[in-house]
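Here it is: the structure, laid out below.
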Amino acid sequence: MPRSKLFSSASDAVADVPNGASIAVSSFAGPGGMPHFLLLALWEQGARDLTLIANTGGLTMVSGLGSPGGKKLIDQSILVESGRVKKAIACYPVYPRPSIVTPLEQAVRDGSVEMELVPMGTLVERMRAAGAGIPAFFTPTGVGTEVERGKEKRVFDGREHLMERALHADYAFVRAWKADTMGNVVYRQSSRAFGPVMLACARVAIVEVDDVVEPGDLAPDMIVTPALYVDRIVVRPKDGALITAEGFRQRAPRM
Amino acid sequence: MTTGKPRLDREAVAARAARELPDGAVVNLGIGIPTLASQFVPAEKQVLFHSENGVLRFGPLAGPGEQDEDLINASLQFLVPVPGMSFFDSVAAFEMIRGGHVDIAILGALQVSERGDLANWRLPTRAVGNIGGAMDLVAGAKRIVVAMEHTDNDDHPKVLSDCTYPVTGRQCVSLIITDIAVIEVMDGGTRGRLQPKGLLLREVAPGWTVEEIQALTGARLHVASDLREIQL
Amino acid sequence: MPRSKLFSSASDAVADVPNGASIAVSSFAGPGGMPHFLLLALWEQGARDLTLIANTGGLTMVSGLGSPGGKKLIDQSILVESGRVKKAIACYPVYPRPSIVTPLEQAVRDGSVEMELVPMGTLVERMRAAGAGIPAFFTPTGVGTEVERGKEKRVFDGREHLMERALHADYAFVRAWKADTMGNVVYRQSSRAFGPVMLACARVAIVEVDDVVEPGDLAPDMIVTPALYVDRIVVRPKDGALITAEGFRQRAPRM
Amino acid sequence: MTTGKPRLDREAVAARAARELPDGAVVNLGIGIPTLASQFVPAEKQVLFHSENGVLRFGPLAGPGEQDEDLINASLQFLVPVPGMSFFDSVAAFEMIRGGHVDIAILGALQVSERGDLANWRLPTRAVGNIGGAMDLVAGAKRIVVAMEHTDNDDHPKVLSDCTYPVTGRQCVSLIITDIAVIEVMDGGTRGRLQPKGLLLREVAPGWTVEEIQALTGARLHVASDLREIQL
C-alpha cells in the first residue's frame, strides 16, 4: 500500500522552510491557483530573507484583480509587506495602473527587495529546464532589450539568441484541484498555468488542493503531475472562508 | 492643432485590428485595446484565441454570476466554456508562442519605431515594469500588430524614428493601428532578417489628412498610393 | 463553426509528401502508437530519399516484438525495405538479438542508409526544442561517449554537458486514440510516448486516430495535443484488418 | 578453472538487485536481467517503476489474453492497470530521468570498468547498436546499479580496468551485481565529481572464493572487511 504524502495542516507542511529559502508560488495572477493557506502558514511560521519566484509580485491583495465578488484575497504580498522577502523573481511584478502600488513595488522603490524581472516564457522555461536536467538553453526572447544584459548571445539560424540558465526553487507552493495520496495531481481549467513546472523544479514540492482522493480515483490518462514530483499534500479547509486582505491585516503572526 | 479633432474610440481601433485576423488563425491579444478585439471577430470566422496561462480557443466573456476563478485568460477576463477549448500549462503556452505556432499577436504599445521596434513594458518614470509575456510574443508570434492611441496623454507622438523607452523587441512590428491611422512597417517583423524600410501610411481616420497625421508622428511617413479611409 | 481537418483517406493526407522529406513516425516500439495506415499510404505514394525520425528502426515487422498474438505488423521498415529511405535518425535502430536482422540494420551494413544514432532523451528533447522555439540546449547525456563527437562541450555546475540542436521534421505521422475535427488529440495509455512531441516539431502534422469526434466531446482538461499542432486527421478503418508483414509483402505498390 | 562452478541464475541475480530498491524509490529497469527484478520486490515495499515510453508505477505483468498494445513498458512487457499509475509522453519521461527524479536505475552491461564506466549499447562486432534510454539514465538517475553475468559467452571478464567496448557513460556505476559477486565501485557514480577509488568485493556467490572471482575479473578487486555470501 502506497504511503500517503498528506500532511495534517499547511503549518506542518511549511514548518521546515528555513530563512533564505527560495519559494515558487503558483498563481498566474488572480485567485485561481493561489496557495492561500500555504502562504498564510509561512507568514505565521516566520521565515525571513526569502526569494519569491512567481508570475506576479502579488496583485490581488491590493486590487482584488480577478477576484470574484471584488474581494481582495491574500497573495504573496503578505510576505513582502511583512519584510520577509529579500528578492523577487517575476514577470509581471506591479499593477498595470501606476496609481495602485503593490507592496512589492513599494519595496523595490525603497531598495529593500531586489527585483529580477524575467520574460514569462523564459521564466517558465528556466524552471522547466531545472526540473528536466537542462542546465542552459538558448531563446530568442529578450534579444535587443534590457533582458540581455550580462547574458551570452549567440546566433543560430541567422538570428541572435540569449543563453538562459535553469532556475531551481527550494520549495514550491502550488495550488491544484485534486491529488491522490501518492501525489498524483490534476488542476482545474485555466489554473494549471505555473503549477506543474513549479512542482518539478522544487527540492520540496508542496501542493494545496481542494480535495484529496485515493490512488486510482484519478484516471491515469488525466494525471498532469505524476506522483514523483510531489512531496507534501495539504487540503484547503472546506468550510474556511478565504482569507481576505482585510482579515489578514487583523491577524497577528504567531511567531 | 489637430488635437481636438475626433479620433476613433478604443472599440473602433479594436474593430479595425480584428480585421487583421485571418480565418483559422491562432491569435494572442495583449492587455488594453487588443483584448477588446475579440468581440469584433465576425461569426463566420474561426479564430483560436491563445492565452499565456494555458488556454486555447475561447469565445465570449463570462457575465456577472458566471465568473469562475479557474476560467480566465491572461488579461484576467473571465471566460465561458466553448467546444474545442483546451487547457495546458504555461510551459506549453510559451512553447506555442516561441515555437511559432501563434499566427498573430495584437499588442498595445507605449512607443513603436519606424523599424518596428516596440516599447510596451515600462514607463521610464516607473521603477519597475511588467514584461509579462510580451517579449516572448514579439520574439515568437509570426506577425505582430500594434493597436494603440496615436499619441500619449500629453499628445506626444508614440510612433517615432527611435524608441526612447526601454524596448520589448527589435524589428518585430509589421502593422500599427491607431486611433487616426493604419501604418505598415515596410519589411517589418523579420527581426533582423530583412532591414525594415520605414513606415507606409495606408489608412487614415475619417476627416484626417496626411499632413495632420504626419504632424502627430515622430517619424517620416511614406504614403501609400492607394491610401484610403479606415474601414471598420 | 470550426472547419474540419479530417481527410477522407490516408492517401489524401500524404499525397503531397515530396521526395527528400523528413518524417517523424510515432510508435515507441511495438504496434501501439504505430501509424500503420499512413505508412502504407506513403509506401504506395512512392516518395523517395526520405529521412526517417523514430525511436526504433522498425522492429515489429521482422520480429512481431510486442505484437498481440505474435502477429508481425508493418512498421517503418516497409519504407526502408523498399529503398525509399536515405537517412534514419533513431535511438534503438536494431533488434536486441543480433540473430534477427531488420531492414534498417541490413541497409546500414550495405551503406544504403545513413544512420544517426541519438540517445532517446536527447532525441525527444531535440524535437521538443524544435516545437518550442529553442534552437539549442545543453544536456549531460552522452558526455564521454561516441555521441559527443563533433559537439560543443561545456561545463555547468562542475559537470560537462553537450550542446544539442533542435530537430524539425517536415511531416509527423502520429497514431493517437481520438481527435476532434478541430485537431485536439488524446492518446491511449502508454502509447502517448513520442506522439505529442512529433506533432509539435513537424511542419505538417498528420494524426491517425481510432475515432474522430466533435469539438466539445473531449474534455478540455484531458486534451494532450491542442488543436493548433494538428494539420490533418485520418481515421483508421474500423473493420480493416491490421496490415501484417506477410500481407504487405503480397501487395504491389500502386505507383 | 572455475567456469563449471554453479553460478546464480538470472532470477537470483535479479532478486539480489531488487534488494537495492529502497521503499518509496522511483526505479527504472533496463532490458534483460534488470526487468526481472520487478517481481522480487516484497509487497510491503512501495516502489514506483518508471518507463521511458511514459508510464509511472506499474506492477504485475499482463497474462495471455489480458495483453493491450497500449499498455506496455519500455521493455515491451504488457502491463496491467494499477491504482496510482500515470501516463505521460516520452519528453516528460526523460525530464524525470535527466532531471534527477529517478532514484535508481538497474541496467544490464556488456562491460563495466573499475571507475564505474559502463558499456552496454554496442558490440564492436555489430555495425549498429541501440542506445535507447541508457545514456540518459546513466547521466540522470541518482544511482546506477548493474545486474549482469560476470563473464561473457566466451567466459571473458566483463568487469575490467577499462572498457574496450564503446561506453554508455563514464564514472556512473555505483554497484555491480553479477552471478558470482557483488562489487562496489568505491566513490563511484559521481560522474567525475569524485574520482572513483576502485572496486570493492562485498559479496560472493555460495561456494565461490575471492581468488576464483578475481581470476574471472579484469580489474583488481579490493576485498571488504565484512565480505559475506550473497543473500537473496
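Letters A, B, C and D mark the chains as written, and numbering starts fresh at 1 in each.
Following the convention adopted for this analysis, a contact is a pair of C-beta atoms (placed from the backbone, for glycine too) under 8 Å apart; a residue touches a chain by one contact, two chains touch by 3 or more.
Not measured: the values here are computed from a predicted model.
S.K.: Out of B-C and A-B, which chain pair has the most contact pairs?
M.R.: Counting C-beta pairs in contact for B-C and A-B gives the edge to A-B.
S.K.: Using Cα averages as centroids, what's the distance between chain B and chain C in whole Å?
M.R.: 38
S.K.: Express in whole angstrom the distance between the two chain centres, defined as the mean CA positions of chain C and chain D.
M.R.: Computed from C-alpha means, the inter-chain centre distance equals 29 Å.
S.K.: Can you compute the centre-to-centre distance for chain B and chain D, using the mean CA position of each chain? Integer Å is fine.
M.R.: Taking the average C-alpha coordinate of chain B and of chain D, the gap between them is 56 Å.
S.K.: Can you pull out the residues of chain B that are in contact with at least two other chains?
M.R.: 87-88, 94, 97-98, 139-140
S.K.: For chain A, write out the residues touching at least two other chains, lowest number first.
M.R.: Touching at least two other chains: 125, 128, 132-134, 139-140, 187-189, 220-221.
S.K.: Draw the chains as dots and join the ones that touch; what shape do you get: line, ring, star, complete or other?
M.R.: other
S.K.: If you look only at chain A, which of its residues touch chain B in the complex?
M.R.: Touch list, chain A to chain B: 28-33, 55, 65-68, 91-94, 96, 98, 104-105, 108-109, 115, 117-122, 124-125, 127-128, 139-147, 158-160, 177, 187-197, 224.
S.K.: Report the residues of chain C in contact with chain B in the complex, numbered from low to high.
M.R.: Residue list for chain C touching chain B: 1-3, 128, 130-134, 180, 182, 184, 200, 214-216, 220-221, 223, 226-229.
S.K.: Quick one: in the complex, what on chain B touches chain C?
M.R.: So the residues of chain B in touch with chain C come to 24, 26, 46, 48, 50, 56-57, 81, 83-88, 92, 94-102, 139-140.
S.K.: Mind listing the chain B positions that touch chain A in their complex?
M.R.: Touch residues, chain B against chain A: 31, 51-55, 67-74, 76, 78-79, 87-91, 94, 97-98, 117, 123, 126-136, 139-140, 166-170, 191-193.
S.K.: For the complex, which residues does chain A have touching chain C?
M.R.: Residue positions touching the partner: 125, 129, 132-140, 156-157, 161, 165, 186-189, 220-222.
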